[in-house]
């Protein structure tokens, strides 16, 4: 494991550098799309910690994403807070929610876990609609006018500036990727994989599986919340659709496509799928069929995903 | 070892019982294992041996009765804590991490012992860990196999791997559930030698069907039948016991 | 309307909903019991039944033909799905869930393409108004309840008296044992899957004079039947029926007095809490 530390770090750093350089190379009207993809890829990266490394499939992560989104958007809208404080609130909200949800859902496993997370997410989504007067859930609300510029030292960053947004998204993805890389190679990461491979054995070796699963669920939830917060800031929009089931299925799809249990997979999956959906939506209103088709084909033929397949064939040392 | 510690049995069960649905798998077992011994637990299929042992290591919750380890009541203690206390169990059907390498398998076990403080969960000396793993593998003769996938090992080696993982935890009580099942005669002989070597530092409780191994290794034997402990004693005493003969050879 | 009037209306609506729900849930329960898989696309079979029935009724002007044709068509689709998707993945629980989520989107979007985003209804095959002191109620709705009850009874007869039913029960009890006794397990799976889909489809067909056929109608049906199956306990016909009425009635009451959204919030929360706190979870489907 140790002999490949440098190439691994180099690859990950190079990826961030490429993404940073992209904003110079690609035309401006693509910037927003790439920024969105980076944040969504970070979302998938958090999801992958739970699915790929710990072996827990959740269908409820949209509630954590939306908790971050609303936890940021509502204070911005109603309290006129600055963006950094609002994002902090969003992340805090998602941590609280994921801890509470984790304490309950982790009493189940496998298919039950899937259904329970789905149901809790449904409750969250429907509540957003039910309290519509407060959350403006149905149509959503726009944040322009509420996103005040932030000043760091002598520099003023306008949050409506596309360049600022791009780099905010890049920083978010970079941070989440770094967290993911560090976690999976740490002693905690080793235990997570052990739990995925054989939970009974892991327990009888003296590890507390519940504690580890809760920890990774909360980390995953917090990452999701951060992404929801940042997504709200860079798109200036908050809406209930991000709490709906499709946004729980997306990270599952992106992770499966990119490669579950690989650090680079989620970015590949998120990028590939988001572009595909974007293109498909220009041809037909039934563009979600590509989501369906991808899921079926992946689970039948390519369970390792793109990066997983690459790793198996050529680079077994990739984390 | 202090005088008091020598007096307290390492493991003791009092009236330990387990009922599944309507079936009494274990009835009121009073069982003692002394420190430093190799104890064999034998009996026909369905006698309740695995159930008894599963209650001891925490996989199954008893219906009634108590379990004491080093004088401490662990009846309500969770399974993973018992491993930390020093009770380590290896499965009847070998349960290793099949998709991980042999090295990883042992590393997971060694890591548990080495992780003392909270900080260790975040950063651990990987070099030191790796050399400990090498040492553990060498002990069981699996030294060259570190890079192989555990699932690709032949059956006998998988069992050895599991034992070596258990030993990496430096257990005080090692519980082996039919460790020689599926091994060749040579492998069994090697295994017996290995067991005698490690018995210096660890108390061993062994569920076995192979009478040769039982007679070879154990100082004392406990016999179970239909959920009850029917006899306990040295190999000679057990061989001469009427009850035991009836159970094994018929009336 | 007076309070008694509203309560009685809620009761009637609850009974009709309960019967329809029982039919859909029975299909889901059958598939889970016999095949040990959760079919997330089950609601789409309900929707397909509605859409097929509408299509047949529009072309042939015969509602009766539509109600007969819909389950046959959807059953055939189910057989196809089972063969080309579920069998190759060996009915592995988590893989099946992902695959059926995919199928959900595929079916839904295909219907969107071919049928369009509109909600379309047909005229009921007969007009009968039953007068109660507070309101007039649709006789057709009561007929639907009756038809559902008949279908439920029929399914129960098939399961408990025919050889097919015996095979299904044997497979549900112990798949390996059944196989050892010569039960053609994979064929039983195919038939069970087709029957499950057909039950949902018939419910969808019966419902279109009351509730228009729309490409998104499967989702509500899925969540509702999920709720019924999990609360009612798996494999138990009596439990499914009881839960269907419980859910149907309480849903009816909450919807009439509060809001449909609140009703759905409550039932989703209920399902989650039942699964969390009930020991044994989904009875054998928990991996690990």
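As written, the chains take the letters A, B and C, and residue 1 is the first residue of each chain.
The criterion applied here is as follows: a contact is a pair of C-beta atoms (placed from the backbone, for glycine too) under 8 Å apart; a residue touches a chain by one contact, two chains touch by 3 or more.
Note that the structure is predicted; figures quoted are calculated from it, not measured.
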Review point. Between chain A and chain C, which partner chains are common?
Key: none
Check your understanding: Counting contact pairs per chain pair, which pair wins?
Key -> A-C
Revision key, fill the gap. centroid check, CA-based, most central chain -> A
**Study point:** Between chain C and chain A, distance of the C-alpha-averaged centres to the nearest whole Å
**Key:** 34
Review point. Once you find the CA centre of chain A and the CA centre of chain B, what distance in Å lies between them?
Key: 43
Check your understanding: Cα centroid separation between chain B and chain C, in whole Å?
Key -> 50
Study note, to complete from the structure: For chain A, residue numbers touching 2 or more other chains are 200
Practice item. Using the touch definition up top, name the residues of chain A that touch chain C in the complex. Key: 57, 104-105, 107-112, 114-116, 119-120, 122-123, 126-127, 129-130, 199-200, 249, 252, 256, 284-289, 291-296, 298-300, 303
Review point. Which residues of chain B touch chain A in their complex?
Key: 57-59, 78-81, 83-84, 88-89, 91, 95-100, 104, 107-109, 111-112, 115, 120-124, 126-127, 130, 165, 169
Revision key, fill the gap. Note: in the complex, chain C contacts chain A through residues 38, 85, 88-89, 93-95, 97-99, 101-110, 112-113, 117, 223, 226, 230, 259, 261-262, 264-265, 268-269, 271-273, 275-277, 281-282, 285-288
Check your understanding: Can you list the residues on chain A that touch chain B in the complex?
Key -> 1-2, 186-188, 190-191, 193-194, 197-198, 200-209
